[in-house]
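Shared between the two complexes below is chain A, which pairs with chain B and chain C, respectively.
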Partner chain A sequence: MNTSSSYKAKPRNRQSMTTLRFKKQTIGWLFIILSIIGIGLFYFYPMVQAFLLSLQSGMGANHEYVGFANYVRLLNDPAFLTALSNTMIYLLVQVPLMILLALVFSVLLNDPTLKFRGFFRTAIFLPAVTSLVAYAVVFKYLFSPDGLVNELLLQLNLITQPLNWISDPVLAKITIILAITWRWTGYNMIFYLSALQNVDKAIYEAARIDGASTIQQFFYITIPLLKPIILFTSIVSTIGTLQLFDEVMNITGGGPGDATVTISMYIYNLSFEYTPDFGYAATVSYMVLLLVVVFSFLQFKVAGDDQK
Partner chain B sequence: MRLIKRIATYLFLSVAAFISIFPFIWMVISMTNKSVDVTRGRLLPGTHFIENITTLFETQNIGTALTNSFIVAIITTILTLLIGSLAGYGFEIYRTKRKDVVFSILILSMMIPFAAIMIPLYRFFGQVSSVAPAFGIDTLAAVIMPTVITAFFIFFFRQNTKLFARDLVEAGRMDGLSELGIFFKIYVPTMKTTYAAAAIIAFMNSWNNYLWPLVVLQSPRNQTIPLLISNLGSGYSPDFGVIMTAIVIATLPTALVFFLMQKHFVAGMMGSVKG
Partner chain C sequence: MKKTSLFLLLFGLLFFMAACSGEENAAGNEEENDTNASSDGEIIAWAWDQHFNIAALNVALEHYEDENFNLEIIENAQDDIVQRLNTGLSSGTMKGMPNIVLIEDQRAQSFLQSYPDAFYPIDDYFSTDDFADYKIAPTSYDGKQYGLPFDTGVTGLFYRTDLIEEAGYTHDDLVDITWGEFTEIAKDVTDKTGVAMISLDPNDLGILRVMMQTVGSWYTNPEGEITIANNDALREALEHYKTLLDNDSVKIVSDWSTFLASFNNGEVASVPSGNWIAPSISAEDSQNGLWKLAPIPRLEAAGAVNASNLGGSSWYVLNIDGKEAAAEFLGKTFGSNVDFYQDLVEEVGAIGTYKPASEGDAYTFENEYFNGQQIIYEFSQWMEDIPEVDYGLNTYGIEDILAAEVQNYLNGKSLDDVLADTQTQAENQFK
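Then we have the complex of A and B:
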């Protein structure tokens, strides 16, 4: 208000101020123009292309528009449904398991009286520095029939003969879930640890005086307080799991049969392993986008409802 | 009761730490063992290290793959930092309603799964190939281009720019610096920590990237490290000692970056979530 009245008093100055502001705004756009072009060209334009492709059918270079036939085919494609259900299993088992584990670690490591905190933190975070392909190959060998995991379980008398971690449909899924959990738990833990540092210690003190057990404190104080960051990490993890590719490709190759194939892997196979069918592959890829949107929305909804 | 709880905590954390570290230890031990010993799960260091290294460098293009990975990761990191920070700065310092709308639209691209745009991108670079082969399919340029501009880094830099003292921009203007001059001479030097954190994340992402290089690269001379390891692992008669050596070599740069810059690394990951 004050400034605008002073503008009125000095019209000439106002004129130059506006041009200056206009110039500054134009320069502002120059700072961001590269990013707008880049994201437009490498994200949004391909999304439009993928949609147009999904309306086409044909092998290799010959394509013709078939309307929504690909989307109908999707619903009756057993290979897609297998990939979809595999991905859902990874998502629904692995993400909650990992987030709970990461929360437990962060609460334990947030205790200032704990010794070797730095060591434990670094150790548990360490898997996050490995390349997905590299650790996947290492896990493949650790879980091979005569690998160290079987060796250990035999020594401990937990099993009587080696388990087929890679070639049994159920165990192979478990192997993938264990592998991803190993790689990402420490990564998520860091987010919770940093959030916990901002939590007022007095809250826990008060809870303890009121006689709340450690487990009650965890569920009634820690989890509600960390809700925003839990939401953030669970959305990031969900998006990551819906796109799972590297690990499955390098640990089981999707096998046995297609027991561990993910949607991303199915898209890759449709495009580059089988006779290329880009149109149908694009249709499947739109399902991944749909799932990302639906799950993100659901998670926001769940977190939002609890907050009232 | 208290003591039991304490012991249980230490036991639990020790087991977790052991599980987390063990694959690394085994990887390093296996680097010194023969292929059969690796499959047998030998836990003692062997004497095969020199042979494994020699075989790796003689039979595989690991030198080329390392060079390629370094070229890609370094160029990607520099471009990502430059473009991402320009945009993050631009959105925050020259903030207007219209720019905020554009910002929200760009952020939406974080939801787009790579699998969904992989085929159109592949076809796009196929078309580029026929015009400018140096930037088309099977070039490192094609690996780099779609990865340098991401909403994540724009978001990251914008969040951190909120902590940047705006007075410095005004001071720069008083001193007669151009708007771009203010960015390079004042903003960049003040935000060193943010750049360090972003550099670590960008380098690691690029160094470990697998799916897009797998799609866009074809000839062995353009292979990056993850492609080489993946090929080694799925070969017909894999030499496990050699594979483990390659894996250790592939992990070294990111592990080094992590240990040297641990503080920035953690700050960097958290910078992306703080208000």
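Then we have the complex of A and C:
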């Protein structure tokens, strides 16, 4: 009421409270209408179109509506199931591994007595700013039969013959997992580091006085306090892993055979590598959406019970 | 309440827009204009490989006398061309498409059948009788000729004379042999010299295709049916493939550059591949005079010939303004000019599939690097024997399935199961 008092002198101030509120709301909407239209046009409209496309099938430009036949085909498609299981392996092995590593690094680098903290932080974060394709190509050469990694292992007498990192089904998966872990650990570490700045030092002091070891402090103080941010990073990482493409495309090309193909790569193959069937490719991409929803929901359920 | 109704309104709007643009005319093209054709009579061509395909186009331009003809050549990686054609053509607009485009033969049918009206038939601009027979099936569709055949992928067996001799063999022992004999020679070479016979990338089954085509067989038959389960040629090819690996005659490589390195570094004694690999082999000066060329081995089956194909592509004209000029250009150069083909061999090292060209002088050139062998002439002779094969639509799709099964086969799965399972999976996916 204070704000409107200055208008009292004017003749047209006899609005009821509701119209005033309506006017305020309209102004609010006006502010965001551009972004709403933008998001609608470039986000939701393509999603709707993609869904319509996923109900069609056929070669290239001549596709026709086939109802849910693509979705039925999806469930019986061994190539898709392989891609799905590969992606799940990456997800289940890589995400927990990376989250744990990032946590450990962030706690180590948060120690105020550590020398060259800035240097180490930068060194571990630096991979996150490299281009996906560039680092993937470098990894490919590091892990090639006569690459640096094999050379090193041979020199250390850990192996007697060069390992086929890229052409062995199991080793190829390990190579991919190593690559994405290298690329993304530093990125997640930054989130934890910043979250750690908000943790009251007094809590740790109290714990030390009570005789808690460093390990205990990590598990009973650091992790519970970082829980919301751990949830956030694991959801973001899960989504990222479900969309994994560049690394696999450039390091192994999906091989050997189909041992490292991911869902995204399968979508690419369906559209550009084989005779194009964009309808079915759109169906597979909706499957990725579904998986992202399911996994995010699960993670919220598991970790988000004490969310305010 | 108001909020929700506004949202509903917005969503309604979205669906409305979705419904509207479902019609033919809509769907804007992403990357346009920079390569937009036909506005000022300029002809645009897309191709890959600066030193080969694009160099060939430039040679063709030198041989084409038309003042008004302007050709702009845009270099794209092959994968990019495939992607841009697919996204552009499927959006239903021809904006931003080139007039002339190079397409690999094994992909051609997938484009011709996926986008039936996008390409311009060029029957009237050259005679298909002048070209190697095996090039016609992949470049035509529905009785019309769409592609102008360009380079051949005719294969040969390049080998290191010093290593082969060390193992006790001569040139004649490698001429007109079967793949079975090849595996035995390979074993001897590896045992006696310690050097692998060939290098293979487990992701690239090109060698199986080379073997199959020596009897005119493929993953599919001309009717488009998948013929893997009862495919004797493929069965035999896989047996040789496994034997070579089991005998340690193979150096495993992981990609193209390690493949090139394998023979440039002297880690393999032979390279069974397309003729286009010759410049890469002779790029290594230190091995000058150590290489020779023999015909590609054949399979045992009746009717097998010592000639096969790997790779090769052809020129296509898109059905947009300027198509006549583009087709005219191709027809007058690639389609009929013998002199052009001589220059093509001399300047670019590319062997075309135009049969009259092989009588020219450039083809009989004795290549010092290959012990004075007339390798171009030999290739052009073998080219005419290559069995014709209909590559069909799904070569690469089927091969991805097969590549996975081949891994199982190498790990002990029975060949019958491998072929049967590949057949079932391929049928599920491509029917």
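Basically, the second predicted complex is superposed on the first by the 272 of 308 C-alpha atoms of A that agree within 3 Å, B and C clash if a C-alpha of one lies under 4 Å from a C-alpha of the other, contacts with A are read in each partner's own complex, and residues count from 1 in each chain.
Everything that follows uses one rule, which is that contacts are C-beta pairs under 8 Å (C-beta built on N, C-alpha and C of every residue); 3 or more make two chains touch, one makes a residue touch a chain.
None of these values were measured; they are calculated from a predicted model.
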item: Dominant contact partner of chain A by residue count, chain C or chain B; value: B
item: First, second, both or neither for A:278, with chain B first and chain C second; value: both
item: Touching partner for A:166 - first (chain B), second (chain C), both, neither; value: second
item: Partner chain(s) touched by A:157 [first = chain B, second = chain C, both, neither]; value: neither
item: Partner chain in contact with A:267 - chain B first, chain C second, else both or neither; value: first
item: Touched partner set for A:144, first chain B, second chain C, both or neither; value: both
item: Touched partner set for A:258, first chain B, second chain C, both or neither; value: second
item: Partner chain(s) touched by A:53 [first = chain B, second = chain C, both, neither]; value: first
item: Doubly contacted residues of chain A, that is, touched by chain B and again by chain C; value: 25, 29, 36, 44-45, 49, 140, 144, 146, 253, 271-272, 278
item: Residue numbers on chain C that touch chain A, as the complex places them; value: 2, 6, 10-11, 13-15, 17-18, 21-22, 79, 82-83, 86, 89-90, 92, 110-111, 113-116, 118, 201-203, 252-255, 258, 393-394, 396-397, 400-401, 403-407, 425, 428-429
item: Chain B-facing residues of chain A, complex; value: 24-25, 27-32, 34-36, 38-39, 42-47, 49-50, 53, 105, 108-109, 114, 119-120, 122-127, 129-135, 137-142, 144, 146-148, 151, 182, 186-187, 190-191, 194, 214, 229, 232, 239, 242-243, 245-246, 249-250, 253, 263-264, 267-268, 271-272, 278, 281-282, 285-286, 288-289, 292-293, 296
item: For the chain A and chain C complex, residues of the former touching the latter; value: 25, 29, 36, 40, 44-45, 48-49, 52, 59-62, 76-79, 82, 140, 144-146, 164, 166-167, 169, 252-259, 269, 271-276, 278
item: Touching residues (chain side chain B, partner chain A) in the complex; value: 5, 9, 12-13, 16-17, 19-21, 23-24, 26-27, 38-41, 43, 83-84, 86-87, 89-91, 93-94, 96, 99, 102, 106, 109, 111-124, 145-146, 148-151, 154, 179-180, 183, 204, 207-208, 210-211, 215, 225-226, 229-230, 232-234, 240, 243-244, 247, 250-251, 254-255, 257-258, 262, 266, 269-270, 273
